[in-house]
Amino acid sequence: MNLSIILAIAFGGALLTYFSGKISKKARDVLAVLISLVIAVILAFFYNTSSREIFYTGFLDFPLILRIDTFSWFFAFTIAVIGSFSIIFSLSYIRKKGNTDYYYTMMLLVIASMIGIILSGDLVSFYIFWEIMSWSTFLLISYNRGPAIAAGIKYIIMSVTGSVAMLVGIISLYSHYGTVIYTELSGLLYNASSGYTIFIFVLFFIALGIKNAIWPLHVWLPPAHSEAPSPFSAVLSGTLIKIGTYGIILLIYVIVKINVFLNLGEGIVSARYIIAVTGAITILIPTFIALLQDDAKRLLAWSTIAQAGYIILGIAYGTSESVASGMFHFFNHAIFKALLFMVVGAVEYRTNGVRDLNSLGGLIKKMPVTFVGGLIGICGLIGVPLTNGFVSKWLIYKTLIINNSPFLAFAALLGTWGTILYSYKLLHNMFLGQLPEKYEKLERAPFSMQLPIVILSLAIILFGILPGLPLKVINSIESGFGLEPLTINIWGITSDTGTINMLNLFVAVFLIGIMIWLIFKGSKKSAGIGQYDNYAAGTTVPKNKYHYSVDFYGPLHRMISPYLRDFIDDFYMSLARSIKNLGNGIRRIYTGDVGYYAIYIMLFLALLIFIQIKWKLW
Amino acid sequence: MRELELYFGPQHLGMVGNFSITLNVEGDRIVKATANPGFLHRGFEKLMEQRTWIQNFPLVCRINVVEPDHMELMYAMAVEKLAGIEVPERARFIRSIYLELARIGSHLFGLWAYANMLGFDTVANWAMYHRDLVLDLFEELTGGRVYHIYIWPGGVRRDFPEGFKDRIINTLHTIGSCVPDYDNTFFNNRVFYKRAKNIGKITCEEAKRMGAVGQVLRATGMKQDIRKTEPYAAYDQVDWEIPVRTDGDAYSRIWVVRDEMIESVHMIFKLLDKMPEGEVYNKIPNPFKWKIPDKDAYVRCESSRGELGLYLVSNGGDKPYRAHFRTPSYNHGLTILEKALENESIADVGNIMISLYITAPEIDR
Amino acid sequence: MDRNNLGKWLKSPGKMGQKYSLHALYFCTGCGIIEIPPSITTRWDAERFGVIPVATPRQANLFLITGYVSVKTLRYIIRSYEQMPEPKFTVGFGSCPINGGMYWDSYNTIKHLDKYIPVDGWIAGCMPRPEAVFVAVTHLWTLIDKGMADGYNKYRANYQYYRENQEKILGKLEWPPLFSKNIKHEEYRTIA
Amino acid sequence: MKNTGQLLKEKLLLSFEDIQAEVSDEHRLTVNCRKDTVITVLSFLNNSGYDHLALISCVDWIKDNVLELVYILTAYAEDKGKAKMNILVKTRITREKPGLHTVIPVFENAEPYERELHELYGIHFMGHPRLTPLFLEREYKIPPFRKDFDTRKYVQEVFDQIPFVEDKKAEK
Amino acid sequence: MVMTTILEIIFIILLAGIIGLFFLGLSRKIMARIHWRYGPPITQPLIDIIKLFNQTSMSHGFLFNFGIIFSLAGSVVVLLFLPFGRICPLSDSGGLLVILYLMLIAPLGLALSGGEAANPYTSIGISRKLLLAFGYELPLLLILLTVMTHYNTISIVEIVNKQFQAGWSFQHLSLLLPGIAYILILPAILGFRPFELIQAPQEISSGPMAEYSGKFLALTTIQHAFNIFISISLFTNLFLGGAANPGYFFLKILAVFVIFLFANAVFPRFRIEQAIKYLWRWPSILAFAGLIIVLITGKNF
């Protein structure tokens, strides 16, 4: 089958959905689901194949190339599946709102352009799809109006800035080597001066880092994630920001190649180390900030940034285990973060748009399936053994420790413990505790919402017990990159430095769980009581007023919030002192006005281009 | 935003006495605290109106179970004042010694409560053990462990038994020898310091405005003690100092309590030295026919919690017409507590409450 | 004391467990609470017999009503008592819960506690000494052995009468009845 | 030489017209005043250094058909003469619908006392922020501390009428 | 092979349970003696558990039951990964990192179960529990990383084996500081005073336990017993060289436990923010210094 057909179906389907919506709502819904599923199914058939085709040559004489290999299949398939789930989830979520035709079209467009990016075989088509994706994403983020528009504008300004940087990089590459095709470039950059490689790196990293929300380029993400419609947040967090990850892997392991990358710079100032440290910082700071959030989706958004840090750390660290963990974590994160956004979306749908963690509570009694989804989702997020997040995190810790980078390992581990705190808060404040009276009549989430939640939950458990399935694919990707593949079996990984066998763990947990359950069942039966029959120092339980949710981690909050603020403040204040003239301008970056930020980056880029043209330093 | 209402008491391990505080909480900070008394309200003062002057003695001591002796004294003093009865010199000394012992017992009980509140079981157990030693003395002297009914209009019920003086000295030495232990493990404990310092802080001005007395007032730097300003019993016969601290927080209050205990021990030694011989009891008229002239009286004393007062009215009958106790915990528990709890952490509710030395039966009566 | 009698343990572990692990609910209902600290601390050390105070009614199986019960407290006592898991034992401490004691003519204390909740044993006196607590505990052991400490069963069987009495004094109670009317058995009500 | 009480008495009599003041023993001053001057007298005393409101009490003189409110003031002072003084400010109000202005603006700690008197004597304090029940759970037709409330009769009527559960079972 | 593993598993679970309950009883007895009391019989925890199983219990719902089973299962599974003497049934899977992760199942299970109880006291207790865990994890992670970097392995069995060859970790100068840091945070891990703030019965009515009755309470007691065993065993394995046979190992953990029991007797409890501040100050600085020393001096193996 032809790759261009997939894109044709995807883009054509998006437009078709719009017009079918004018005829019949039902037909449009079916069509949208169908298209997304068809894309996923077709992509599934491309498993373990590799092909390459030129689909258009008319664009400024660039041959626009599509290609597929295991690497792009892995990403494309994940994106297509998550995309189709979120479209199924949208069916009831979006029904109440207006402008649904537009919504579905944009949604399909985003998915189509993401697949386009991943399937493209040269930088120009990469860039074209990139732009389509940026703009359609902007339109979807702003879908809810009000604050969503501000969030969308913040996103698009940063995105455009990144695009410009990438464009400069592409032009520079083209002017140097006369080609923008990955396969051709990879051999050429091998001989380039390290200065030039770094220059390309910086330019691409601005674009990819903004999309991937690497600290400190993350500022667009929290508002965008929280203001977008929930099913789209799932796509946004689960897959869209991973396009950045894809780009980074592409850059490092396909275009630049691993051996060049590892030799770029030395010791602490090596590119590898700097990116890894950035990844570590991206884990730590957003984790702490997520602890302070009161908005469910904003909390998940910060969590997304932090988890992206693990992926970056894994990819940049450059050992075969760490790269495997990075890619595995990408896959896992796509699953559980999409799941969590869907869970929050389901709650938001049933409570008419409440996602403030301080005003919910006790919903487990009304939405048990959604709760179980949330529970498994946070277990995956934390990396509780027997969920998929565990294996990927275990891999990254192990390789960091064995290769003598305990500080990076420390950041990763501490980030996990922070994750426990905020994810439990998310679950507790929404689902546990006392149910307010006004939600007493709440119904379960509709089937179209429960279905993706259940499937994704099962996937988390499945890949947690059988990590060999995705690791097999990742292994073949790694051999494509020239990394030594891991020795794996379906249950886990074996190596001299540390073995993990999920079968042992699974059997142990399962049998012991059964044993304790039998003891529990065998002893006296317990009587069920309701939430108002509760300890309240002898008084009767006050309705609506007996749920500890506000400021759940109050003591920690009071302790760390001044430091979090001061840290950024101090940094920019000292910068302002040393570069007095620029100081004012830089401080304005953090006034929240993204415009300044964009201008600043653009000025920097202009400077770089100027230097390049004038002196040809690289 | 969901409000949270927490109940500290009545059924709560940190609550000493039957009392309840309703807390409106945000995070772990208290936004508003409302005291909810009345769980021990028996209408004592109403009951007293239906019993004769002497029948009331068993009743008054039960108003405050932690320290019944000052209640007895108060009632005896008021009756003496109304009926114009004199108290023999030796009885005055005995009363002072007896009241100081009661003060030590009560403070040790407070120390138990405070240590227990902070999870300091060891010191709590020690304090209770030493309190039992003091109660043994009471048992020997009066026959009752908790309720004694020892002070009587016109003196005390009976003289010290033989060798009692030595036993008091022995007991006090036993307790006194443990003071360094208490200091090392509790009062100078770094963790305890962190826990109690700057907690439930009230300034001297606030304390005066809200009617604070006793340790709460003395911990803010005000040197006030009724034993000095309006001496009763034999307090004017010996030299002693009022312990004062200036910070006004829980830490200062508990230190004032500690210093007071030590001061009491010294005072008892001095009183025992100076104690004269003689009668301990001036006879009163036949209690069944005893009528007291139409008058009212306000008497006050310094109980272990602060100023204790009694407003007693007689209409010339054989029963009190009206009695009204002014108890130290009343303002502490109903006015100051609510103020002191604001903006504190949930973890410190009991800490502050006990450091204010609130006993519920005194409030409710 | 037959705590070390292994045969008895094997024969009726439930009863023996109940006997030697009496977790008392800490509730200062009246002035009798003043003698509870001495009895659980150094001098008398009730923990020797497995008696310790616990924080919430859920964890408790012994309810010591320490002293007079005012009308306001009664509500909380009933609530706490109903929250305790069965089997549970109640002991009235002091004269006041028996018949009003000192406060027989007070307008705000109830006179007979056993009109409102079942009481398995009484400790007379004002104030009873800590030793009396141990006497009560040993008596309770005998009662448990003979299966006579069945106040909770009585409560279940006569719940409607108890509830009627409670409502006469307290007005309408905020919580729904623990056992549904006329059903003598089992099943806690589920309030959802 | 005049003692503190006498000096204060003279000062009071100079400032207020319709009050009676009497120094009965060396540290007691009794002031009788009308119910509308109570607040001014109290704030006058507060300003002269008697800044501690020890007690607000009430006596039900049922024969005269009045309730007598007694405000007892002492001083927070290290000066012995002043600290010794107990000042009793008395005022009489009718037993039917008794009402009075609150003294919270003068003495902050009067709040619980007035709540208590409201509950036990049925006196309404105007301007009091929360005259909610303080001690009592049940409602009483006659406030329980008034002389015409017979507690023994009340006990017989209420508590003694409740049957033992065994009796009740036997009945049915 | 499989048979021996299963026998080992049963042996270690039973032994850990017995030792844990013995420790609970011992702690009550020793604390009583420090209080100048006689104290309960050493079997008192067992008596309590028997009673609790014979009592009715109230459940707030499915998660209320599930959480407690989950939590206990988590604790028991950790046992299989910890070397007890030379016995370690599942030594070949994941090493110390898996233990770290499995150790968080127990609090998570309790947290879920407590959350379902719909009681703010429970929630406050859980909030404190998680915060305290966050507090001590920071130094603990540094310590564990130091040890793992020092021995350049993530397998705890290997760490113990290497200590057999080269002496206890305490004897290595570079692991001295982390060892001291571990001693400083061990009370927090065990929940001893001054860190006994999770249940804090006088403050928040026994926190997460507030709604447990009957068998729930029994299972939490058992879980607590396991937890004590696990925490002390981990310390002993990492720093006191493990042991060649179970008897010797038991003596070691007993000694450590009794020492911390004495510390338990002479402190009141911290407030949670004070506890975190303490844990993030000295123990963290020591552990951090240790890590840097290990990195500078290089590996010993």
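Order of writing sets the labels: A, B, C, D and E. Residues in every chain begin at 1.
The rule we apply is simple: contacts are C-beta pairs under 8 Å (C-beta built on N, C-alpha and C of every residue); 3 or more make two chains touch, one makes a residue touch a chain.
Predicted model, so just to flag it, every value in this text is computed and none were measured.
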Chain-contact steps, minimal, separating chain E from chain A: 1
Shared chain contacts [chain A and chain C, defined touch]: B, E
Steps in the shortest chain-to-chain touch route ending at chain E and beginning at chain C: 1
Remotest chain, chain A as reference, centres from CA atoms: D
Chain pair with the greatest number of C-beta contact pairs: A-E
Reference chain E; chain at largest CA-centroid distance: D
Distance-to-centre winner among chains (Cα means, whole assembly as reference): E
Intercentroid distance (Cα basis), chain D paired with chain B, Å: 23
Geometric centre distance via CA averages, chain E-chain D, whole Å: 60
Interchain centroid distance [CA atoms averaged], chain A/chain D, Å: 70
Gap in Å, rounded to a whole number, between the CA centres of chain C and chain B: 30
Where chain E touches two or more other chains at once, by residue number: 35-37, 53-58, 120-121, 124, 127, 201, 205-206, 210-211, 214, 271-272
Chain D residues counted as touching two or more neighbouring chains: 135-137, 144, 149, 151-152
Contacts with two or more other chains, residues of chain B listed in rising order: 4, 10-13, 15, 25, 28, 38, 41, 43, 46-47, 50, 116, 125-126, 129, 345, 364
Each pair of chains that touches, named by its two labels: A-B, A-C, A-E, B-C, B-D, B-E, C-D, C-E
Residues of chain E that touch chain B when the two form their complex: 31, 34-37, 120-121, 124, 127, 193-194, 196-197, 200-206, 265-272, 274
Sites on chain A touched by chain C in the complex: 365, 527-533, 535, 538-540
Of chain B, residues touching chain A in the complex: 1-5, 7-12, 15, 20, 25-29, 345
Sites on chain E touched by chain A in the complex: 9, 53-63, 65, 68-70, 72-74, 76-77, 80, 90, 92-95, 97-98, 100-102, 104-105, 108, 111-112, 115-121, 123-124, 126-127, 130-131, 133-134, 137-138, 141-142, 145-146, 148-149, 152-155, 205, 210-211, 214-216, 218-219, 271-273, 276-277, 291, 295
Sites on chain E touched by chain C in the complex: 28, 32, 35-41, 44, 47-48, 50-58, 201, 205-206, 209-214, 217
